[in-house]
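The following pair of complexes shares a single chain, subunit A, combined with subunit B in the former and subunit C in the latter.
So, the complex of A and B:
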């Protein structure tokens, strides 16, 4: 793999690390299987692209995109908490609705940002290498997001949020508002995903409604991959782990892309990616088993 | 800082070595990124490969032809773009809109040739069709929608209602629908739309509108191209003809199709790649529209539906399926 491809992979891995953070919040912390992300990711891109083309400041456009993602989460929470729809179905409803809304937002299925100002352009115009600028800014933003999540989950409020996922009856008995925690958690989670969508669109100069397909799969793979490799009950380790998991997933895709020399053809990509991720998941377990065996003898 | 210097030095040495190897062997590297695999886009790629061979660039001899497909996922398209740019090929080729955009966003220096992109202006691949200002130029496959309209009127003389199934998520399809509506408005003909987000939705969408329309128009849409058999099947049950924008649809049972042979689009793309390999500047290579619309007719399908094709149309046809 070339340095350029490696840095590019790192950047996409970090952007999807934000998606993984969102998925970690819903699946792991809130215990709420949320598929809304397939809709909130392209929505972030759509809102950011539309706002930027309309002449709005790229940073403001990114904030709007984050809020749009949060709105998706709030709708899912409303359907689940208020209307009593099963959480999985509630999120599917928001996800499919978001597809139509995204086309409405952009007025078409694909919106290009080539040549438009983005959050990266002021730094690019200073003469830095484009890829370094993108990677640097994305890294800083992901770092800030991770610190924010760690601080939040470590607070008293975060304790309530975590408890909601573990034992919601206990939270209710202690006078906590489960509904509020669900609304907040889903809004925060999808806000991160919308933020990721906005970064993806600006970094790659296009927003496309089809870019949401399989976001949940990538996010889940990242969470499970990261937590299997770096398992710990410490919050900060878990948060770092899901971001690392996202980068590893992208590295797996990158290796699958360069596997042409083994007689693989282009359409084998998904299979190779799946096999690589499966291997990454199995190895730690095998190691643990071997350790147990060697202890026994 | 020392490490950074080492890396830079290493890169420079590698680059020098690579460029030295290039001048000795004169092997050209062409990297092709395709959004999804289906017959029309695959034909474009094959046409490109064969077109380059005809020009003396043969894969395995003096040409290194790498190819990846994003399997329909724009995030993968972006990763492919990064991978390709890192390999520093002589030319990058993007087949269809999102792949071309991903390539264009990843490099400002390596020439990018797009093909099978319907509207390069709204995709912002170029700002100026005659003098592309950046490192991007290519071939548009804008479908001759107005001609399709005339063809449908010729086939169904008292045409009042046209049915269209398309994917609203595809930029290419939406551009065509807009053109179709413009033609329809001018001629006071009604367009009945049904949308299908996935190829598995095409059959259901077609069923909903089949009984209300006189002809089914299959525009050039990746989703429809994948499920053309389902669309034709529904139209046959409803006893209405299918008129298509891609000639490959005729083999699946469409009565008539007027469009490019995507293999030829690929061959025409080879001209662009050749020009770049010969050192021509991108700004001197204007964007062009794919040439050569062929009329394919399916006599068997027409007979089964009890439609008699006008003689003039049969004479014009470049290919008759009996």
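So, the complex of A and C:
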């Protein structure tokens, strides 16, 4: 793999690290399997692209994209908490609806950002290498997001959020409002995913409604991969692990595709992902089994 | 003070499974009183407690805590008045959080939870002081996941957690029933210590008539959703388990007699 390809992979890995943070919040913290991300990721891209083309400041466009993602999360939370629809189904409904809405937002299924200003352009015009600029800014934004999540989850409020996914009866008995935590958690999670979508669109200079397909699996792969390698009950370790997992996942995929050793092609990506996730899910169980066996003999 | 007025709770109303868990129960537990509640299975003991905590919606009647009508309040809003310890030791604590994080969660019971760090050195010292009274050595293991503790230890921590926020009502739902006899005795003793130290108002549901008489200062017995007797003071001091059983069977006999009149 060339250095150029490596840095590009690193950037994508970091951007999807934000998706992984969102998935970590829902799957791990809230125990709410949320497929909304397949809709909120392209929505982030769609909103950012449309806003930028309309002449809005790219940073403001990115914030709008984040808010749009949060709205998707709120709708899923509303369907689940208020209407009592099964978690998984509620999120699938939002995801499907988001597909139509994304086309409405852009007015077409995809949109190019070539020649438009992005959050990266001011730094590129200073004469830095484009790839370095992308990587640096994305790294900083991911770092800030990670610090924010770690700080949030260490607060009184965050503790309530963390307990909600494990023992909601206890949280209610301690005066925590489960419904509110669910709304907040889903809005935050999908906000991150919308944010990632906006960065992805600006980095690649296009937004596409189909870019959301499989976002949830990629996010899940990152969370599981990261937490299998770096397992700890400490929040900051888990958050770092999730982002590292995202980067490793991207590197593994890039390696498998570029080496061509198994005769892989780009369209095999979903298969590779599914196999990776399955393996990462099985490893902890195998470990536990081995431990039991070694205790017995 | 807890005041229940004509509480009626019916499960599966209007169906063949209709079950009148509580029938027009009125009860006042005054400030500082330690009420123990006994009764056979399905008598409505736990339902009575969850009518106070809000977990079971009442069909009719009203619930008042400290002079506030909370009949329509959800569980989490009522939590600021009363702490609870559940029968299942796993239910009262959050297994993936550490002991100190569980305590931090409990010390904010019924208050708004904000951006403040959940664990400060000030709070840690406070938790250490409080958990030391258990004598289980947990004050040196605050960072351990609470999932590593035994059921009895978790129940003991739950009791300490119940005293961290400044409410003065404690609802105990057969909190010793899932423990082995030695641990159950320890938890009961601890309960009495804690109740005295923080002068709490208590409603304790128990299966054990012995415990019901040994702890607290007032005892009620429920049968088929009604309070069939209510003793306190000297009258209660003279009671022992055989007396209780006798009273219970007398009440049931009367009921049978009523039925036979009806049927006959």
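By our rule, the second predicted complex is superposed on the first by the 260 of 297 C-alpha atoms of A that agree within 3 Å, B and C clash if a C-alpha of one lies under 4 Å from a C-alpha of the other, contacts with A are read in each partner's own complex, and residues count from 1 in each chain.
One rule holds in what follows: a residue touches a chain if its C-beta (ideal position, glycine included) is under 8 Å from a C-beta of that chain, and two chains touch if they have at least 3 such contacts.
These figures come from a predicted structure and were not determined experimentally.
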{"item": "Partner chain in contact with A:17 - subunit B first, subunit C second, else both or neither", "value": "neither"}
{"item": "Partner chain(s) touched by A:172 [first = subunit B, second = subunit C, both, neither]", "value": "second"}
{"item": "Subunit B or subunit C, by number of subunit A residues touched", "value": "B"}
{"item": "Contacts of A:58 with subunit B and subunit C, given as first, second, both or neither", "value": "neither"}
{"item": "Partner chain(s) touched by A:108 [first = subunit B, second = subunit C, both, neither]", "value": "first"}
{"item": "Partner chain(s) touched by A:73 [first = subunit B, second = subunit C, both, neither]", "value": "neither"}
{"item": "Partner chain(s) touched by A:218 [first = subunit B, second = subunit C, both, neither]", "value": "first"}
{"item": "Partner chain in contact with A:157 - subunit B first, subunit C second, else both or neither", "value": "second"}
{"item": "Subunit B versus subunit C as contact partner of A:233, first or second or both or neither", "value": "second"}
{"item": "Subunit A positions touched by subunit B in one structure and by subunit C in the second", "value": "none"}
{"item": "Subunit B - residues contacting subunit A, complex", "value": "7, 11, 34, 37, 66-69, 71-76, 78-83, 85-88, 97-98, 101-102, 104-106, 108, 122-125, 127, 168-171, 174, 197"}
{"item": "Complex interface listing, subunit C residues touching subunit A", "value": "53, 74-77, 79-80, 83-84, 86, 90-98, 101, 104-106, 108-111, 113-119, 145"}
{"item": "Touching residues (chain side subunit A, partner subunit B) in the complex", "value": "1-9, 11-12, 16, 99-100, 103, 108-110, 112-116, 130, 200, 203-206, 208-211, 213-214, 218, 250, 253-254, 257-258, 260, 266-267, 269-270"}
{"item": "List of subunit A residues in touch with subunit C within their complex", "value": "152, 154-160, 162-163, 166-167, 169-178, 233"}
